[in-house]
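Following this message is one structure expressed as structure tokens.
In order of appearance the chains are A, B and C, and numbering begins at 1 in each one.
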């Protein structure tokens, strides 16, 4: 990930700073919390209503089943997809990692003398740092999703999987537009939106290349599906001469019906819509005699850690359809927002899982799997029924097994386990702890606790002591 | 207090007191015992029990957690297997969730312990779940004078799916005025090691919860897990609020003999 | 990179095949049914005869900030289109970005429009800069639909010869002509009928792009405030008529 704030950024969270600094910066930003509160609450409410209106358990079961089928049959489906894409007249490229994907895009741009690129919102291009690479090669890149356009103007990375500018209040955006687009002051979203439409319309008409991600890639028909509400997805896939879709290999699905099911699951989960405004299914370049549409369509199938993630037994994480519902209900995300997750395209609970997993070393971003209270709200809303707390727990274990936990923590865990292993040791440990609790110098964890919270005292007598005094035999005594 | 004479219908319950209740809140353990005995259950306390291993498990220390979980199974499984007890009951949902949902994960590669864990889990219940679902209790003879609200602890709500049971028992408290808690389903921010490792976020979440408790105008917020209770009281006290989090066992047992909880509660204020 | 794409391909597929054939489970939690349904159930539903479906379609379209009307007599449809186009167009003479008239199943459409002084721009090559700039200036886009889905208020628009994508995308107003015979209860019902008849795969292939459009273009990116007409049309108006009584 190479997305970084430029100097003009007003963002308070520095995605390059260490984790504890990012969290601190986020928690100190009251405007950020206002923006997050307003948005996450409403998105969650809308999702709840949309799910209550249908047979949600069945939708989730079926969505899970079709995604699970896709991952279980990934190599076969990918070959089928490739075959049908080629039959449809697409160029197919395979990329093991970010640099191969970027290389493929740059090569197309060079061969076709591309100057201007329009992009529709795509997390995978954030993941590989495509914009920066294109710009370094002298290609002009414009983000066309309104939210992405705003963060690009601000020189910031997006902070949410589906709502990139969720961290900004209307006031903040207005200020930005005044500065960058010479717009008079307004907090009317319609006026700001109109300004963006005007600004971006020319870009659509001028660009030589459109780049999108892909929500689903249908193996059966060789079709790339894009979900948008603004219509920029349709623009990007229709107006420029060259269309490039960069698609994670896990996005493949079996059939059109499966894609249409997941489209509805994603729409309801992301924003509470029955369906998104646009669902664009591109199966190749425009046909002879068609008046518009790209004359050339490329599909880049990107691995970049996905096959390794599945190899590690985390196929569950590959089921994700990137709806962002887990972030919207996450009490941690709500406090710190997406930038606190660092230099990653994926924030919130699923981000805390896939960010380390997509790396070669799972101890990369090792704070993230611990940035959860394991409350389980995310699991309850996931449209493909990913057991996110379970994956977080497993990742924590992997990180500890790699010896990547702090030494004092490892020692404490060992001592605790040792004390708890036998009742005799346990009682001694309790007595010891009770005595030490009276000393002014407490062990570190309690100091951390006490900075913001009162600490309970050890009881004068433990339950087992009270129980013994009660004169009832413990079962051990009874057995003697 | 003498329990009713055992007969064929008497339930024999092994109390899994949990390590936090044992060392920090023994009165809650005693309240749970009184509640169970008042319903005619025979309570035994296997005193070789220590900790189920959840803190270590959640922190990623599976080896250590397994050590503790084995001890737990060594203590409780024989009682269950020999039919010496009908149930294992704990005054908290989080530890029950550990043995019901996570012991099978912990013993994935240990067939025998996995089998035993599942056998224990089958008869393991959180206190309010046991009272309502198994003993069929609808109402206990207890009163609470004031405004009461309920915070559903996450593992109870989303791991065990226990919610109506405690609410029903609390609704039966005489004189209690039950008030709504805004954002009730949101986590209080405890989360075990999370409260230490991510103390600033944990505190922010707890502060949000406490604001909602304040907005509910409740005198007491009832909870089923002492971990969340400790977190909430830590923040309520530090931020100078009058309201306190009280464990459901103490509220429900307040009408029974030998109650020492009330005075402690008053001390706090 | 384009030429030596073979190597990454084999590496990726090889690794996946290796993983899939190995003993290690790839999922932590396989709680869901293992076999997906052959045809997933329809998520939404709509019932009734064509009139009922037409009304459901209309009300669902209204729910997402679109609008509709049902024209009772087929002979009145062309006149109604003229009236709507005149209402929405500011510049005179009026020019409308359109699908070819023969793609719009309304009798006498071309002659009625001509009589009213409305001309249609049916683009043949929108990659020519001048044509594209011209098309982008027009306010109203006129299309038929390949299908419409009652339960969601959606339009299915397939690209084709003289069926530009631009007509439903560039103008501020999209006027969609929907004969009731093309309204299906759900998207799933339409997919099923395509599978039965001409074949879903070939339909997608010859179209190049098929888009489902459900209401006007919108964004909620600015603090979840709904704004319409971000990149696509701000107004989507459907004119429905019963085409069975020919």
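One rule holds for everything that comes next: contacts are C-beta pairs under 8 Å (C-beta built on N, C-alpha and C of every residue); 3 or more make two chains touch, one makes a residue touch a chain.
Here the structure is a predicted model, which is why all the values come from computation and not from measurement.
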Fill in the blank from the handout: By C-beta contact count, A-C versus A-B, the higher one is A-C
Fill in the blank from the handout: Per-chain C-alpha mean nearest global C-alpha mean belongs to chain A
Completion exercise
Whole-Å distance, C-alpha centre of chain B to that of chain C, is 55
Fill in the blank from the handout: Rounded to the nearest Å, the gap between Cα centres of chain A and chain B is 34
Handout entry: Distance between chain centroids, defined by C-alpha means - chain A, chain C (Å)
Key = 30
Fill in the blank from the handout: Where chain A touches two or more other chains at once, the residues are 390
Completion exercise
Note: in the complex, chain B contacts chain A through residues 17, 19, 21-27, 29-30, 33, 44-51, 53, 55-65, 67-68, 71, 79, 102, 105, 154-155, 157-159, 185-187, 189-206, 208, 230-231, 233-235, 237-238
Problem - Complex contacts: residues of chain A adjacent to chain C - result: 35, 38-39, 42-43, 54-55, 58-59, 61-62, 64-66, 68-69, 71-72, 74-75, 78-79, 82, 84, 87-88, 91-96, 100, 103-104, 106-108, 111, 144-147, 150, 163-165, 168-170, 173, 189-190, 192-194, 196-197, 200-201, 204-205, 220-223, 229-232, 234-235, 237-239, 241, 249, 254, 256-258, 260-261, 264-265, 271, 273-287, 289-293, 295, 301, 303, 307-308, 310-311, 313-316, 385, 387, 390-391, 394
Completion exercise
Listed in rising order, the residues of chain C that touch chain A in the complex are 1-2, 5, 8-9, 11-13, 15-20, 24-37, 39-41, 43-44, 60, 64, 122-127, 132-133, 136, 152, 154, 159-166, 169, 187-188, 191, 200-201, 204-225, 227-233
Fill in the blank from the handout: The residues of chain A that touch chain B in their complex are 23-24, 27, 331-332, 335-336, 370-377, 379-380, 390, 393, 396-401, 405, 409-410, 413-414, 416-423, 426, 430, 433, 445, 448-449, 451-459, 461-468, 472, 474-476
